[in-house]
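In this document, chain identifiers A, B, C and D correspond to the written order of the chains, with residue numbering beginning at 1 in each.
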């Protein structure tokens, strides 16, 4: 199935893109992040990121669905 | 001896004047206030006022001197 | 910089705020005390502030000087208006610049608390029923 | 009123401040977060703020709505700038109007603390040596 990834801040710089669509053969967000981290050389450990699916902050254990928009949210630094 | 009294806020309204010069035959600020309170009908008890002599907040027991400028400071309400 | 001022003119917040500009400061906290239309359940039409100007200036300056010495705040400006004020007018303004927000907030709150407690300024409330009264809390 | 906004334009404090006008309110506390020229001992030349706009708007609005429900504050406005900022630019502004100063100060502090903690906005510091780095505390 196809999911859409959106990247912000250091992840966007490392990926060299704000978004990408990829095909996955599983529904596991943890595995999705680990593959993206390996592909793009992300240095932030997953424990420091929150998972956002279709605009909602959700638990990493939540199964993904086709067409989901997935964001790995790095620690924020506004203000 | 002569001292100068300056009044503020409700004391000024009650006295009908901002300042007055009076002759006293003693050096006692407490007695000075009590006489002024009687003369002008001040309702604030002395315990709620601070004494200022020549621009400095001082104790009520401090003896007055000729030409002193005396202020009976009511509780403040700025801000 | 530290500055305490009494003024009979409307308080110009934008001009005062510019006094706090400093490239080392990342945080500015400010406070406006404003004439509101009621107090203790009575409708207020306007307010008069009277000050013992000489002592008020010295007490006010002592407050801002002391807090800058004792804190991480770099700049503290406080201006209190005197004379006749209408609803919505700014009676007092406090602005504090610091490197970080903790000091900016704490010092701003401290200054307004101390000004209300110590500075010889008095408020005369003029009520809707045409009566009035000096506030001596 | 409660309002949270993201903007790419310079923050107009005077215009935002007017949104807080209310004859029932005697106290306005406000906070400006400003781009300063150093951080962690490094000289900063400019800053870039990036946001996840959709989620940032919802998180920001949730913060201001929740605090108005839970406090004596009547109006809370918070605006965060995004894009490229220079030293001295206002990155974030919070303004709170309340009947009394206690609530105004506490709510203002709470909002900026929560915004820094929760709202998905990130800062990229551009240093004097031409290097840069996203801050992920």
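Following the convention adopted for this analysis, a contact is a pair of C-beta atoms (placed from the backbone, for glycine too) under 8 Å apart; a residue touches a chain by one contact, two chains touch by 3 or more.
Only a predicted model underlies this, so the values are computations on that prediction, with no experimental measurement involved.
Most remote from chain D, judged by the distance between CA-atom centroids, is B. Look at where the CA atoms of chain B average out and do the same for chain D: the two points lie 50 Å apart.
Look at where the CA atoms of chain A average out and do the same for chain D: the two points lie 27 Å apart. Computed from the mean C-alpha positions, the centre of chain C lies at a distance of 23 Å from the centre of chain D. Those residues of chain D in touch with two or more other chains are numbered 33, 112. In chain B, no residue touches two or more other chains. Pairs of chains in mutual contact: A-D, B-C, C-D. Taken together, the chain C residues at the contact with chain B in this complex read 33, 49-52, 54-56, 58, 80, 91-92, 112, 115-124, 133-137.
Residue ranges of chain A in contact with chain D, taken from their complex: 6, 8-10, 12-13, 44, 48, 52, 55, 57, 71, 73-79.
On chain C, the positions that touch chain D within their shared complex are 13-14, 17, 21, 23-38, 87-88, 99, 101, 104-105, 108-109, 112.
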